[in-house]
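Each of the next two complexes has subunit A plus one other chain: subunit B in the first, subunit C in the second.
Let's look at the complex of A and B:
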């Protein structure tokens, strides 16, 4: 030890470089496989799309984005004046506003209720049944709900028309067909799908609350309502905020449900910016992918702005 | 206490008209009432589509929920009525298995490197992964994913879809594994390292058995993501033989021609059944994995 201590020198730059290189070589092989896919098919594509958005690349006219003309911000200027883009952004925002409260608060209610079930077996059964929809992939959920809402064979209108008689065949609701009900119908579908999975998040949060907190509050004579707000809700707030931010991100950029339930019908509210982007890039006219990339990036920037604002707003209050 | 209470209770039951009012536990009634109706709402569509798959043809074209006649032959016709269907199912199986295997492996490796190794730059990697959750790269990047696949000659190829499929749940999978790895004390890896074990040996021998539940959560997550994936498969393939079960079902004109309602419903049940069965089989570990830290990510 003594002899080693004697030989300690100030680390030369060669040593530090050597050390960090070997550390790199020992640890990064674990990260690289994941990063290859992440960079190759997630990070690079969106950066590349930014580059494409400044060109007039049309798939049917140009061989590659490189052979297309660099047109600066022209796509963006045109897109921001395009009523389809504006309505698309607005409609995505309307759907998000309808979807988000239910997706965040309903699971909180069920989680609090499941958490209070004393019988362990019953509590597990509730959890399992609630989680079933989470085991079905999204697009398959949407296919099922298109059938559920259908006028021809759908059980929802069967109950409303034939069993309850609330409506008759002439005025029965066309859930996904009419502008007024489309987003509510889609939101119901999403809530059905996400209820169980989000309940699990809250249950994980509830399990960290010490039971003594409740007991001492009860001893102090606090009402159940007050206990809920002051202890349960206060403890679940961080989870709630995370879910708001995460679900906002997914809700504003939905595309599968819009295409699968509404197709490419431009008169429908489901023709949001994402659907318009897909339509422009892969279907309509010369497949103007430069313009489509600009639409995609406008949506992305708008979304990021709101996410940053949400972070800021939530951080301020805590 | 018990012996003294016993005769009293017997006496109380003998004196039939109980002096005390029976208190209905309203809180409990409301609690179970709400939860049971939630369960009913969740199970009803699945029950309905199963029932549709075993309805006789005339019953299937009315909207009556309970049929007059049952007909179980739709499951047989589903596999023969659409001649590409066996191929589509095979495509879905291959893609899903490849995605589960590859993404889970790379997520375990990355999660390990982000928690238990002194990886330079891990904070930056983590920050980029977190940021990716808030960027709709799946939508906006689609144009360039098409371009990449085109350059690689993989447009209209089922096998080619394996590459973009790895990113479907990659970031989430890494977060789950990171959360689970963080529940393992660092001293465990540290002491094994002192004993001369290589980092890979530590991962294989010590860590892997401990993160088993997390691995199951990641496997299930990727199964769901890949099995039902529609956007990429629909964008990057054209021929029906190359497409997956989900894409074929989504583009089917349900109720018309070869896509008879009971046949469609039978296909649907076939499509969702593997996930449900797998979930029931591994639910115990899945639930534990969720609690162990998968949800903290």
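Let's look at the complex of A and C:
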């Protein structure tokens, strides 16, 4: 017993340190690129923007954020009392509420319909046609739709005014200029643009659902509607969650389309919190980036809260 | 720059301790060439080529687009005299961030920025310490040759901050074909606002075109220029546009009357550059849906170039208010000198070379509107020569528009020079849309919106 105890000696501290060091030297260097990317490309800008939001950093007046004055929560307090921030957050929420259902459910319905096409050549043709808008670069999409909506030369108003005579030149709709129609017009453009791409997500999901499930349900006498809800929709929930979260983020933080259609006109619904943030940071007065960062953080925290709720709402209930 | 100018320039620099005669004597004694003289007195590094890098100007891209001769011919010719490395500026929608960021580090990749408009970004570039005045480098002969109103625009707090180059001015233009179709004289410009609006109404009532007139709804392209026809005294002591002045109120009332003959979407933002360009007025005038037009001269010339017969385009000064100032708004897109750049004297020489080259103006003011930008030369000597003997290539309207400079003014340089019109626009548009019945009240609200934003500034 005593001799055995003598042979199973605990490793010396030198050995422990040596082994740890060599293991560290063998493994960690491989992580350095990922760490550099994560810290430098993602974490650092976030921390920097957060820090700037607590200063009065103005791009035209201060040499750097470090030379600006630390003002605590002053930017946040002011921003929360600023009607432009409040209206901006509300307008972004209204657009998101219009945009999101169409962006998520239209592709789902399309995918279910395309999935039922049995002729392979026809199914491939449908898929190709659906994907065409997704292949077009953003700026071209904007130009195309702004032309479509144009009062003077757009085909939509041409049909409404000159062909159908529903409107005349004086009362024709100004799709991107009117408060009531701007968001719907923009949402329509986004739906068209994203339809094919999102349909592919659902088609991928549909291909993983075993066909036997449908056959069994039909043998048991389930209606097509019930089959859709209980099998198709239920099995597509993870994809739905991904799309809802992704597209909620892009909709609530949308900026390019707003600037394109409404410029920096503060009376337009397109002057949302993102446009206000950009305007404050890069255009107006001293370019107060501390205040702009605070606006950005208020919007971001609001978005994170909604995303957390979405994860909860779409949690796996199995 | 010819030799006489170099000598003049050297003499100016040595004014305190040396006379012009001294300079000449020394030069003669030394037997130096003009380039030798420059090097001898340490003044003309531009000519002696003593700087570490070639002269590095950077251009706003549209300038290259409108004047392909600059990269295609002029820069190549200048490069034979001295090393030149011209570039396209990293600016978008008047963004000056890169320039300011470099200045904070006390450096500049470029020596001179060709594309600065005083009322747009000059105030911010000065305040951030990014640019320096041209005074030490620009010769007196050039300064004295500038049309006075242009020189005034380039001057801020006693110094010249912009080397003037391409001048845009708000004018009236009309499509002669549509005007004739309406039974009006296509060769006669409406002289007053009443006449202009009456003509526009006749175009609509005669069904010659769907719209009588169009204008660009951005304040610096409509509200301010129309106000200047009443009075050019429409600026507050700190240099902001006085929205509550009588002239501004009159201008807004004119705009309201113009709305009756304009497309319904006329107040919409443009499609590019953050809503600033490709505006609804352009679409209507280009598509020959509107007869009369108020905008800077480059717009109608550009669109007429797409018509079957561009010669039906007519251009004249803005209509007047009898007894009013009869002015308009102009702006000169000039060059800014980077404080931390190099080759400063050479930069002034290069700008002089560009701005005096007649090929630029032949292109800008040519009879054939296709490709003609319509921008005016800032030099008195050019105009004197052309008036004395009108060049065969020059468009007829050029002299009419040039005359407008005598009574016109630029919008004053201020950090909020451009943004004041963006900030105030929703308030005065409420009047144009009929949401507010009183023009003065609408403009008072616009003023309040601008003042609120100015107050937020740490250095108002």
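The definition used in the following text is that the second predicted complex is superposed on the first by the 271 of 318 C-alpha atoms of A that agree within 3 Å, B and C clash if a C-alpha of one lies under 4 Å from a C-alpha of the other, contacts with A are read in each partner's own complex, and residues count from 1 in each chain.
We adopt the following convention: a contact is a pair of C-beta atoms (placed from the backbone, for glycine too) under 8 Å apart; a residue touches a chain by one contact, two chains touch by 3 or more.
All values reported here derive from a predicted model rather than from experimental measurement.
Undergrad: Following the superposition defined at the top, how do subunit B and subunit C come out on subunit A, clash or fit?
TA: Clash: subunit B and subunit C overlap once superposed on subunit A.
Undergrad: Does subunit B (first) or subunit C (second) touch A:153, or do both, or does neither?
TA: Both partners, subunit B and subunit C.
Undergrad: One more residue to check, A:272. First (subunit B), second (subunit C), both or neither?
TA: neither
Undergrad: Thinking of the overlay built on chain A, is A:65 touched by subunit B (first), by subunit C (second), by both, or by neither?
TA: A:65: touches subunit B, not subunit C.
Undergrad: Going by the contact rule stated at the top, is it subunit B or subunit C that touches a larger number of residues on subunit A?
TA: Ranking subunit B and subunit C by residues of subunit A touched puts B first.
Undergrad: Given the touch rule stated above, what does A:232 touch, subunit B (first), subunit C (second), both, or neither?
TA: So A:232 meets neither subunit B nor subunit C here.
Undergrad: Under the stated touch criterion, which partner chain does A:91 make contact with: subunit B (first), subunit C (second), both, or neither?
TA: neither
Undergrad: Tell me which partner A:253 touches in the superposition: subunit B (first), subunit C (second), both or neither.
TA: Only subunit B is touched by A:253; subunit C is not.
Undergrad: Touching A:169, do we find subunit B (first), subunit C (second), both, or neither?
TA: After superposition on chain A, A:169 lies in contact with subunit C alone.
Undergrad: Touching A:24, do we find subunit B (first), subunit C (second), both, or neither?
TA: first
Undergrad: Quick check on the superposed pair: does A:286 touch subunit B, subunit C, both, or neither? Answer first, second, both or neither.
TA: After superposition on chain A, A:286 lies in contact with subunit C alone.
Undergrad: Identify the overlap between the subunit B-contacting and the subunit C-contacting residues of subunit A.
TA: The overlap between the subunit B and subunit C interfaces on subunit A comprises residues 64, 142-143, 146, 152-153, 260, 282.
Undergrad: Okay, in this complex, where on subunit A does subunit C touch?
TA: Against subunit C, the touching part of subunit A is residues 56, 58-61, 63-64, 142-143, 146, 150-153, 169-172, 174, 176-177, 259-268, 282-288.
Undergrad: Using the touch definition from the top, list the residues of subunit C that touch subunit A in their complex.
TA: Touching subunit A from subunit C are residues 95, 97, 100, 104, 124, 127-128, 210, 263-265, 267-272, 274-276, 280, 283-284, 287, 289, 415-416, 419, 422-423, 425-426, 429-430, 449, 453-454, 456-459.
Undergrad: For the complex, give me every residue of subunit A touching subunit B.
TA: The contact residues of subunit A facing subunit B are 20, 23-24, 26-28, 30-31, 33-35, 37-38, 40-46, 48-49, 52, 64-65, 109-110, 113-114, 116-117, 124, 126-140, 142-148, 152-155, 157-158, 162, 192, 195-196, 200-201, 204, 207, 245-246, 249, 252-253, 255-256, 260, 274, 277-278, 281-282, 289, 292-293, 296-297, 299-300, 303-304, 307.
Undergrad: Considering the complex alone, what residue numbers of subunit B touch subunit A?
TA: 31-32, 34-35, 38-39, 41-46, 48-49, 52, 60-65, 102-103, 105-107, 109-110, 112-114, 117-120, 122, 125, 128-129, 132-148, 163-164, 166-167, 170-171, 174, 199, 220, 224-225, 227-231, 235, 246, 249-250, 254-255, 261, 268, 271-272, 275-276, 278-279, 283, 287, 290-291, 295-296
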